[in-house]
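Two complexes follow with subunit A in common, the first pairing it with subunit B and the second with subunit C.
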Partner chain A sequence: MLMNVFYAFLSIALLGALLGIGLAVASLKLSVKKDKRISSVEESLPGINCGACGYAGCAAYAEAIVDNAEELTLCSPGGKDTAEALARIMGQEIDFSAIKQVALVHCWGNEETRSSDFRYEGIEDCNAAFIYFSGADTCKYGCLALGSCIRICPVSAITKREDGRIHVDRNICIACEKCVEVCPTKVMQMVPHDSDWYVACNSPDKGAMVRKYCSVGCIGCRICEKKFEDGGFKVDNNLASAQYDRQYSQREGAAEACPPKSIRMIE
Partner chain B sequence: MARLLTFRRGGVHPPEKKSLSRGEPISRCPDPETLIIPFAHHLGAPAKPLVSPGDEVKPGDKIGESAGFISAHVHTPMGGKVKEIRSVYLPAGFASPAAVIEADPGSSWSGTDMGEDACASMDPKEMISRVQEAGIVGMGGAAFPAHVKFMIPKGKQAEYLIINGVECEPYLNADNRLMIERTDDVLSGAMYIQKMIGAREVIIGIESNKPESLQAMTQAVSSRRLPLTVRSLKVRYPQGDEKQLIEALLKREVPSGGLPIDIGAVVSNVGTALAVYEALRMGKPLMERVLTISGEAASDPKNVLVKVGTPISHVIEHAGGFSSPPDKVVIGGPMMGFSIYDLSTPVMKGTSGILALTKHQVNQASRTPCISCGRCVQACPMGLNPTKLYKLIDHGNYDEAKQRFLLDCKECGCCSYICVAKIPLVQGMRWGKLMLRKKQS
Partner chain C sequence: MNYLGILITYIFISNLILTHFLGLCPFIGVSKNTESAVGMGFAVTFVMSIASVVTWLVYTYVLIPLDLVYLQTIAFILVIASLVQLVEMIIQKISAPLYKALGIFLPLITTNCAVLGIALMNITSNYSILESFTGGIAAGLGFMLAIVLMANIRERMDLEYVPKPFRGVPMAFISAGLMALAFMAFDRVLLTNLLG
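Up next, the complex of A and B:
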């Protein structure tokens, strides 16, 4: 009786020892040599797998950095700190002259300010609505406010305000540009993180036409460009745009002088 | 009576509503003062404008030259002065450049019949080039350039020519009236197409709810001893789609992503056959068409011959305006048509109907969640799973939607029609296709 127990114990112990040795040999023989830097690069990345770098996730980007010498500045959520950490690991120097960008809706229109051609009752999505006559609004360049950008944003930086306008929280925005890609009217554009004033209109239509359909649309009157030398505004194709290459002193004055009040402070 | 032919899978049977305009003979719509002629009548490349503002044009002049392979010439039906070239929204929802022409009152194209002999001496190549020169497109709705269809690619053989007299969309009677009133011309056109593509057999498919057409066609075929078969089909939507019609008549299925010619068939609408007849016999470009104006809010439903470029509002005025304010004005049939907001939208080569619908017909119930009842799956003639596709598209999973044959969807509207939850499924499919195109570019 006791011997039976002993044999059972012995055979299991032997089997365990054999398999253990087998595994130990296999782990030595079959091991894949992996660059140690990959795991440390991956640890330095934020780990949210947003895909902003263009890779499937942080692990894939880390591999690309080490194996294919991919650029170190592609991680928007990580920003400067991450890029510096990556540079230390990889022993490289990087140029930080590029400033962090954020997405911004270049339109201040909503139900109150602009007219529409018909009542849209279809799928609540900008691209789905855009199929039919480029949207129900008479202005074909503005924000449709049906939230394609809200749904695609990986960090929930975009919200719809109570007045129906779309707002990007620039402190949350990671500059992945997904909203810029998905926006059918191209009203979502990137601006530097530290910019102050912008032109909240995207319509290249002539002033007389814009006046008919929107009360806050840029009419291309050129007051901002001509009267404010240091305003940093340029009018092209009936549409003013702000320049962000440096600080300008007369932005506020130009905003006050703008007849439809299209020049606005970024909120 | 033998069992009527029909297609195998899916389909619906909406109220036919044909009686509103069935007995109305084709009348001519008076000429408008201004023509708005779009340069794009179909998907594919829009024609390249040949005129600029200030130019004088004569009736029948070519004003747009086909640009690209899937593209057709555009002609003006009236003479006058080109006022401007501007962008207009077409019923399908996209914008196209269009020539705005101030028409000379009373100017219209005229030509002489060259007779049967002149056509008989032409070889197929010359016939196709004449069809191309006349800017003929498929008149069933999608307006696919006809000469592209008639040029049989190398290695393929057109065994069958199917003339499509199905007109399965409710309300519409344009093709029905053509078959009754222009029977001989349609049949001659069909014979010309047969010669062009070298088809062995010609079959005309007509749904059984058009007994006058069936009778007229059968009689004409037997009295002229033409090598044609007229087949009666069970009333079922979307039988007028070429894939379903081929299945109903030949029991063959067009492979996914393929064309009818892959299985030896070419399908042409009766309106196209008539346009081919007129182009070959008289050299007449395609610049007018028959359409049905109908609907419960139309005061005088009728079938009219309208010049391409005529504003919709002008046609409606001719038909006595609205009897009650319409809730929607739909261009085309109620199943596949598009509702428009601007009545100055022009009539195009593919416009088969103008429908003024009341609130009751539009039936705008509010949308509720999908209950997975599977009716859309049952109704889809292409054998797709519309609800699954919709969910995939809604979640941004366009690639999987493509793997599940999203691109086989032809937006016939059966799924949206049958959906008890009133989910805009067809719009979802169009949305998915748009996002796929966006991803590719």
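Up next, the complex of A and C:
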């Protein structure tokens, strides 16, 4: 009886040992040499696999950098620091002209400032609301504030303020652009991280129309463009937009002169 | 039983997932999109067919002569786990594209109960070595059928409104249950009618 137990123990132990040794030998014989830079590049990346670079994850991007000489500045969550670290590993110089971007809601409308056509009582989701007559607000270009971007944000950078407006915390935002993709009215847009003033309106309607439905909407009056040469504003399609290519000195003046006060400082 | 019979049996009649409820972990875990479901399906088919042959050899030439048949479960787990590791290394060495397609799934099935299940079923059905191999392939194809169908269902379900308590895994299990119910239509009577 005892012998049986012993045999059973011995045979399983032997089988296990044989397989173990076999695997150990195989792992030595069959080991594949990997470029060491791949792992160090991967360590320098944030490792959150957000996909903003266009690759399946940080590991895939690391491989592309080493094997296919992919550009080093595609990682927007990592920003400048990561790009510098990658440049050190790969022994390259890079140009830091426009790297870190953040999402920004280009709308300052809420229940107080704008009128609505009807009451929306459906699913709490911007895309669902947008399917139904492009949302309840008379303005079809503004923020619906039903929070689709809040739910999709991987780092919880987006919150709904007490006044009903959607706010993106630009220090948390990793520029994955998921909120830009999900937003049905395209009011969520990317701006450079160091930008200061922006035009908080997304409506290309004519001024007279905008004035009827929203008290803070851009009316396309061109005061910011014409009176402030160094304001860096441009009006196209009845809608002003701020230029972010360099620093402008007259932004504040233009903001004060704006009749509906659509030009706002980024919070 | 002929080989066609074995194929039909393990793909439809006693599908490992939908009839025996084996291998539910990868079935729920990797069925979120069709692409990875197909990858997982091929990886499981590959491992099952090899594991069926190797476990048959171990059973016939090691366990029976030593009169240790009652140790088959533990011996099979050992053999399958090391086999999968070995296969992973070999694939990595000889074929980079195949490793890219199957590589990430292989560690997930080292101790998968569906692989062990088909190995044990081959033994209890007294299959020959070729029949065991066929059984392995058939069980793998059955797994692939179930997981690809499931992935398609879940992809479509993502677009539908699902009440909050049911979102994600609960809904997946409910649909898996309904699928299993549908697969009950395939039974041995159908097989005998088909093959005369």
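In the analysis below, the second predicted complex is superposed on the first by the 244 of 267 C-alpha atoms of A that agree within 3 Å, B and C clash if a C-alpha of one lies under 4 Å from a C-alpha of the other, contacts with A are read in each partner's own complex, and residues count from 1 in each chain.
Note that contacts are C-beta pairs under 8 Å (C-beta built on N, C-alpha and C of every residue); 3 or more make two chains touch, one makes a residue touch a chain.
Everything numeric in this text was worked out from a predicted model, so none of it was measured.
Participant: After the superposition on A, what does A:118 contact: first (subunit B), second (subunit C), both or neither?
Facilitator: In the superposed model, A:118 contacts subunit B only, not subunit C.
Participant: One more residue to check, A:152. First (subunit B), second (subunit C), both or neither?
Facilitator: So A:152 only meets subunit B here.
Participant: Which partner does A:32 reach: the first (subunit B), the second (subunit C), both, or neither?
Facilitator: Touch partner of A:32: subunit C, not subunit B.
Participant: Does the superposition put A:208 against subunit B (first), subunit C (second), both, or neither?
Facilitator: In the superposition, A:208 contacts neither subunit B nor subunit C.
Participant: Of the two partner chains, subunit B (first) and subunit C (second), which one does A:1 touch, if any: first, second, both, or neither?
Facilitator: It touches nothing on subunit B or subunit C.
Participant: Once the structures are superposed on A, label A:16 by its partner contacts, choosing first (subunit B), second (subunit C), both or neither.
Facilitator: Once the two structures are laid over each other on A, A:16 reaches subunit C alone.
Participant: Residues of subunit A that sit at the subunit B interface in one complex and at the subunit C interface in the other, please.
Facilitator: Touching subunit B in the first complex and subunit C in the second, residues 123 of subunit A appear in both lists.
Participant: Within their complex, state which residues of subunit C touch subunit A.
Facilitator: 62, 66, 68, 71, 74-75, 78-79, 82, 85-86, 89-90, 92-93, 161
Participant: Can you list the residues on subunit A that touch subunit C in the complex?
Facilitator: Those in contact with subunit C are residues 7-8, 11-12, 15-16, 19-20, 22-23, 26-27, 30, 32, 123.
Participant: Can you check the complex and tell me which residues of subunit A touch subunit B?
Facilitator: Against subunit B, the touching part of subunit A is residues 117-118, 121-123, 125, 127-128, 130-134, 151-152.
Participant: Under the touch definition given earlier, write down the residues of subunit B that touch subunit A in their complex.
Facilitator: 89, 93, 95, 338, 341-342, 364, 394, 396, 424, 427-428, 430-431, 434-435, 438
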